[in-house]
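Shared between the two complexes below is chain A, which has chain B as its partner in the first and chain C in the second.
Entry: the complex of A and B
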């Protein structure tokens, strides 16, 4: 039978088990990746040892010839070559016997801890100044995100309310909004970069642009469908003016739904922001991702991904809590 | 069967303004090709509780919306105190069957809502915050007093979702009455409630009518004029003092429904038992005149309220 309940212990146990399984799989995967890398290093070392022994033989032949010819110049050169050969041989031997190659694209847990967590949370010295990566990266990104969300939501609410209440406003805004809500904002990025100066306002503008059509349309739909006309007529009989109807009746009725719709827009906004920062920003999360990619040094990326996941969950719960406090009448 | 009508004093004795609250003059309404209302003529005077009955599809709700002002009639006029109107106004209150309260306000705030909307503007509330706060406490006190009178003191701070259906309709009636409207419209207000709750609320309306009668005895203008639309005949005959029947089953039915019945109904005081026998004959008359598809008599045969009223006032 479907929907059969299970005890709390099973719920928690299964959840914990799935997380542990993922952790185990990652450990195995990372381990095998490192092992592959080291085997590769050994194989190359063995090949080069073979080549080196060949070269050593050739070198010995040339030395014998040079000794017979008593050519001191060539002998010194051969001596130098022999030294170089010896160093290479030592390196290859060391690679073969104690391989230490590290694959930074799928790091082990200790690498994640050292180069991910510690490196970002402990101030690093870069020439004359110290930088705290976690702060330097998250602060600009979060400020851009917050400003863009506030601006985007405010404009969307105003336009959405007016669209929902007045037909002419809806008729005016519907064609552009219906079209642009389907255009992925990442496709519009190049236009923004080329036309607008790359600064703080540009980031806010692009996120607000990505969020505006969808949010405004959804708010206007809420206003039309979730406000029963009986309430509107009743408000008129209680002496409400137009403004009071929009502000005291309609807005308060759709407020919980606005908060929910805004909460759903945080995800796409963050996606757009990281993409834009990756491409053109001089500071922030996307910028750090770009640097890590160029150096193929992914530990920081993994750690930031984890933090972003936690941030997303926290923002979600925070908005749900805010909605419950402001609109206790709206059943969950 | 004795049908008593209210002891209406002569116009000159009443110390108030116009006697006639509502007048419908030749109201016609249609939706595209479909004709719904035909030559509706209705005059409601102050202090009456009019029960509007009729078979389903007879346009009762359409007429009510036309009287309310939200869907003005396609032809004809509706007048309040002699002035025609075509939009809703604070002088005409309404209680709907569902969505009767604002879900985002508590019961007390719901009742005080009308006072806030009517007496203040958004600018006043935003800029003169201290004055507004004091006025708000006044409003909330008035709302609490009214709710206490209706027996809802404990539910003051609850949201409509937490109230039962009967309590919700009580709060909705309080919300409309606190505005002291000239006319209160009730659109099948007790339709979604169970029998016991319905009787409770009918008793509440009887108390309101009782207040009307006591005001008349003191030579004061009666405070409540109510028009209640209902499909329950017993309810209409119990609560109201005048029955108006709307029906499309008459000689000119193709042109839409019209008023085919308009007579006084027996008056019950709150302490009287609900004796169905009192209006049994009238109920059968109603069923014949209004609800019977077969019987197609002249549609003015039973529209005799004002003639009966004049006869009885001449007799007394």
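Entry: the complex of A and C
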């Protein structure tokens, strides 16, 4: 039978179990990666030891020949080669007996702590400057994101409301919006890079462009569907002007829907932002991701991904809470 | 009454769109910040932008920011910027986005090689005013389990297409062919476009597709360190002096007020950084810093890196290069390659103050800086 309810204990228990399983799988996976990398290091060390012993034999032969010919110049050269060989041999032996290679594609928990958490949260001294990664990376990204969200939502709300209230406006905006909402904003990025130029405004413009057509359309739909006719007529009967009607009735009525729609736009906006930053930014999250990927130094990436998840959840709950506070009539 | 209000509302709607577009396309003052800043009477120093990508002799500017000689942020000045009275905005980006952004006038000056300067010149007139280094092993073809050119043929070679990487690849094969005479032709090889950083990452992550890559330093050493079984099949030491790394500024920029101060400040910074690199105490630290943003290289490795990337450490070296006949000959070779590959149809480049050229190699900016600095 479907939709069979379970007890609260089961709910929580299953949730915790799934998270624990995730953590366990990650631990096993990371551990096996490290083991593979060390085995490979050992294998290469053993191979190079074989080569080294061969080279040592050749060197001995040459040494014997040089002794016979009594060529001191060659002998000193050979002695230097032998020294270098000895160092290489020691290195290979150390690699074979105590492999220390680390795989940074899937870091272990201790690496995540040291190279992810500590490295990003402790200021690093760079000559005359101090870098605090977590601040340097999140600040530009969040400022871009918030500005773009505010700009995008404001424009969408104005246009969406007007589209919902007046047919000519809808007829005017609908064709371009219907078209542009089908164009992936990532595909338009090169145009923005070239036309708007790479600066703060460009990030804002890309995100605003990405959300405007869809958000405005969905707001206009809400205005048409969620505002009951009788409310409109009642307001007119009471002598409301058009602006009063829009502000006091329509806007209030669709405000919770707007908040919900805006909340759902945070995800796509972040997608666009990180992609654009990866491509062209000189600072910010996307930039750090690019650098880390280049160095195959992924601890920071995992830590930031975790933080982004937490941020997304927090933003979600915050907006739901705000909606409940300022639109109590809408319910949960 | 109804119609009037509808049109009123329509006007408001259009206004909203106009505002929306405006937030997006205030490009004029965003892109050419300097123009407005210095033409007025305000005391604000003129703003110029310099874009650089990861490369030993260009990362110098990033380290100069860390050392406080420059301040990459707009509205802030480092010590050298203050001396010259300019505000340099540093932008770090990948090599090909630097090139694209140069032609779309996103940046005033960009670090690139002589060959790429030639390719972008039809799209924006440029002046190469500061040669930074020459590649002598800094561009290399790195392979895994491949021992000669014959074995390389079935594999894809990942590198940045239509740039200096492909140039080096083709020229090296030509040189090997001259030596060995086995009938090798560059067209037999599968050179595949990919960002060098991505190609390097793929190879160090042991992705099976990546058995051969053509990249530059610090990626070359980085790959060798992270993948002990990888080796260099050939590198730019086969074509010494042909790849010259430089800073190129847009001709349009030079017409702005304070442009001479900008070029002077960039040149001054570069030579001061060279002095810092040679200093016994801080030099080693600065050397490691040159590579650390993009790679995990030790001091010993970085010493190899700068050996393979011969810096033009003094103004005299740079001037001598730009005025030498050898370099003019090199540019002819490069031009021949670019035209043959169809990368550019009729490049117009010249030296010194020649007129009617799209790309100039001009030592006068270095001389001007020397003159201004001399007491």
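The rule is short, and it goes like this: the second predicted complex is superposed on the first by the 332 of 332 C-alpha atoms of A that agree within 3 Å, B and C clash if a C-alpha of one lies under 4 Å from a C-alpha of the other, contacts with A are read in each partner's own complex, and residues count from 1 in each chain.
Operating definition for what follows: a contact is a pair of C-beta atoms (placed from the backbone, for glycine too) under 8 Å apart; a residue touches a chain by one contact, two chains touch by 3 or more.
These numbers come from a predicted model, not from an experiment.
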Is this a clash or a fit when chain B and chain C both end up on chain A?
fit
Across chain A, the partner (chain B or chain C) reaching more residues is C
Considering only C-alpha centres, what angle arises at chain A between the directions to chain B and chain C, nearest 10 degrees?
130
What is the contact status of A:294 with respect to chain B (first) and chain C (second): first, second, both, or neither?
second
Chain B versus chain C as contact partner of A:94, first or second or both or neither:
neither
Return first, second, both or neither, reflecting whether A:233 touches chain B, chain C, both chains, or no partner chain.
first
Does chain B (first) or chain C (second) touch A:139, or do both, or does neither?
neither
Look at A:225 in the shared chain and tell me whether it touches chain B only, chain C only, both, or neither; answer first, second, both or neither.
neither
Counting only touches as set out at the top, which of chain B and chain C does A:105 meet: first, second, both, neither?
second
Three-chain overlay, closest Cα atoms of chain B and chain C, distance in Å
11
Complex contact set, residues of chain C against chain A:
5-6, 9-10, 12-13, 16-17, 19-20, 23-27, 30-31, 63, 65-68, 72, 90-94, 97, 100-101, 104-106, 197-198, 200-201, 204-205, 222, 226, 228-229, 285-286, 289, 293-296
For the complex, give me every residue of chain A touching chain B.
228, 230-231, 233-241, 243-244, 247-249, 252-253, 255, 327-331
In the complex, chain B residues that touch chain A
68, 70, 87-90, 92-94, 96, 98-100, 102-105, 113-114, 116-119, 121-122, 159-161, 175-176, 179, 181
Chain A contacts chain C in the complex at 41, 44, 105, 126-129, 151, 155, 158-159, 162, 165-166, 168-169, 172-173, 192-202, 204-205, 208-209, 212, 242, 279-280, 282, 290-291, 293-297
